[in-house]
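In structure tokens below, several structures.
First chain A sits with chain B, and in the next complex the same chain sits with chain C.
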Partner chain A sequence: MNSVQVFWTLVWKDLRAEMRGGRFVVSCLSFGVLMVLIVGMALNAAPHLPASWASGLLWMVLFFTTALAMTRHDAKEQEFGGWMGPWLAPIDRSLVFYARWCAAWFMVLVASVGLIALFFIILNVPFPVAFGTFVAVVAAGTLALSGAGTLLATLAGQSSLREVLVPILLFPISIPLFLALIRLTWHALDPAVIAGAAWVEIVGAYLVVVGVLPWLLYELILEV
Partner chain B sequence: MKGVLALTGVYKEYNLRPVLEDVHLRLEPGQRVALSAPNGSGKSTLIQILAGLSRPTRGAVTWSGRPLDAAARRCLGVLLQQPMLYGDLTGRENLVFFARLYRLAEARQLADRWLAEVGLDDSAQVRVREYSKGMKQRLALARCLLHGPRVLLLDEPFDGLDTASRAYFEGRFDAFAKAGGTLFLVTHHPEEARQMDRQLTIRFGRVRES
Partner chain C sequence: MTKRWIAGIGVVGILGWLCQYFAFIGSPPEKSMGNLIRILYFHASSAWIAFLSFGVAAFFALCYLIRRRPILDQISSSSAEIGVMYTTVTLITGSLWAKPIWNAWWTWDPRLTTTLILWFLYVGYLLLRGSIEGLERRAVVSGVYAIIAVADVPVIHFAVEWWNSIHPQVIDETGINMPGSMLFALMFAFVAFFAIYVLLLAVRTRQEAQRQRLYRLRREIQEVRGRAADKLQPDISAHPQLQMSVPKGSK
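On to the complex of A and B.
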């Protein structure tokens, strides 16, 4: 069995656990919908939410739901010491990180689809003009966010503060990413707004850092 | 090929507080070693370092003279105070998952055989979250033996087991030792320690014969 099969075995474990009552997607969705509803009430269902506001609010909701879901996913790994099992196996340990990232991203994406649909309906935001760009931005943004979250959960190691450390650190680390995602989403909602190539490069840089760093460091970083 | 699991000059600190100091330890093939020491003296820390789950602050863990790498981890079977299982997966899914990580052939049949072996065939489709402590420990035993390790690292394996389960575990470990396996057992019971070939303890962070 090669690395690819080991990778899918690890992803399968997360998805199977989700189906057996992980509730990653459900808790993401219910929390996100509540946030959208509260924002909707606060804005008094404004008939025309400016595109800049809509993109900012959308990423706020996606950030909090991702952070919540990652924390929950992490707690499941810690429970019964499950994470140590793959750690004992004769596999390249960086695969554990990539598989966890991939599974988390997939679940965040599933939840995001539902959330975004409700977001547009409840807040009465016009359908994105540049739909392809919008999809790409959401996919890349959630990929980068879930990657940064997985990396932080790894770095936090066995620290007693890990439950709070991960969501709290995720925010400052992701600020440039946010600015870029908000700008690009704004552009997708209203193509009259120019989003320079620099914003795309920022998102790309995040993906490269989150994608390559663990491969170089993973054997070193987890250790308690 | 038989291997020697060894620690040389191992130090371990938690938050700058030393737990282990200058530990030298060789687990010879086929040897049965017991470690008994008071609570909080670093027994679990030592076993986690031997298992490659925790990195020593200084010093080296080696398998037959080479650093403990992925290939060497295949030779270890580890049973800790935590069962190292996934609560949301069923007993069977847990074993299939670990069998695949160890790249074992026919993971499903192997999982079923081990479930029957540890007496969990009735609970194979139940999520591990719903298992009792003893059932989790039995499943953890199957997980740690499934890939045919040469060294068993056991951290208080009889904790919370009833008499029958305990006898079963003891029988398993005896058979393992008779077949030439190396046994490293952390225990609080002097009579268990006395049955082993070698008795160790930890005093002021150092491992010594007792």
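On to the complex of A and C.
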């Protein structure tokens, strides 16, 4: 088996575990919808949200949903020591990370589609004018968030405070990404607002950092 | 306590008193903000030392991951702890300065916000480190996190640059925006804070080394006790009445 085949096997393993009742997507979606409802009530059921508020609230909901999901991503593997399988395989350990990231991103993306649809319906937010940009921002944002989340969940995996630590570590690390995504989403909702190329560069920088660092460091985390 | 430690504490003490003299008496009041400028000497110095501490923490974490010597991890974690302390001082002094100048204890100025983020980054580091069992595992995991955190700092910095910060700049591309007498007090405060940092780093690293040594000793004692208990245990096979009966067919 070459690396690409191993990668897809690992991704397929995670997706199959989810389809067999992993509850990742369901818990993500339920938590996210609940947050949207709470936000709607906190805003006193405001009939029209400004685009700047809508973009901020959308990413707040997506952030907490992703952070919560990351703490439970490998819960099924922990049950009967199934996590040892990939670690014992004679492959580059970083490949395990990339497969996990890819599977987590796919599941977060599926949950996000439902969540965003409900967000627009419940909070009565106008449909994005620049729809293509909006889709690209959501895809890149969830990709970067799930990558950082997967890495930090592995780091915090050995901690007794794991469930609390993942959001605590993820939020400060991803603040610039969070700001960039809000700006870019704001631009997608209202193209009159100019989002500089700098914000696109921040998202790109995150994707590079999340893509390269585990290649260098993942083996170290797993060896202990 | 050795003479070297007493000398170190003495030097830091003298520098601290001189720093206070230059900050509170030697420096003239500023034209527009008056005596509030005196907060700046502590605020800016602690901010610079905080950045230095986090840089040192990441550098020694990287060295630890390459060389695997416990002392490198001890220096890294001690430096991160001191960095959190200096960042706390920066945030508190900044808030004290902001109230009379900006009429608010806190504003959503990017520089303030990102300093707070930095504080959270390293509080997360301390929580992560404190909640992992096993010396080597803890050192590796916290070392990797220290490198990730420091890799994030430039991105945070640029995010600040791309916003319109209202935070005053002591040093910018036009040079140093401060008269010589104030600059001297500021630089002296930086030297004094740096000396405090070095002393704290030495003390904290020593404490951490002793703590880890105690931990290893405790483990060794537990192993010795375990072996001794095994030897003292009677040979059950020699006493059939002590053996538990196992039902037929059970695994």
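Everything that follows uses one rule, which is that the second predicted complex is superposed on the first by the 221 of 224 C-alpha atoms of A that agree within 3 Å, B and C clash if a C-alpha of one lies under 4 Å from a C-alpha of the other, contacts with A are read in each partner's own complex, and residues count from 1 in each chain.
The criterion applied here is as follows: contacts are C-beta pairs under 8 Å (C-beta built on N, C-alpha and C of every residue); 3 or more make two chains touch, one makes a residue touch a chain.
Not measured: the values here are computed from a predicted model.
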Partner chain in contact with A:5 - chain B first, chain C second, else both or neither: first
Chain B versus chain C as contact partner of A:213, first or second or both or neither: second
Contacts of A:202 with chain B and chain C, given as first, second, both or neither: second
Chain B versus chain C as contact partner of A:85, first or second or both or neither: first
Shared chain A contacts, counted only where both chain B and chain C touch the same residue: 223-224
Chain A residues within the chain B interface of the complex: 1, 5-6, 9-10, 12-13, 16-18, 20-22, 76, 79-82, 84-93, 223-224
Contact footprint of chain A on chain C as seen in their complex: 65, 114, 117-118, 120-121, 123-124, 127-128, 131-134, 136-137, 140-141, 143-145, 147-149, 151-152, 155-156, 158-159, 162
Of chain A, residues touching chain C in the complex: 151, 155-156, 158-161, 165, 168-169, 171-173, 175-176, 179-180, 196, 198-199, 202, 205-206, 209, 213, 217, 220-221, 223-224
Residue ranges of chain B touching chain A (in the complex, touch as defined): 51-55, 70-74, 76, 78, 80, 82-90, 93, 97-98, 100-103, 127-129, 136, 143
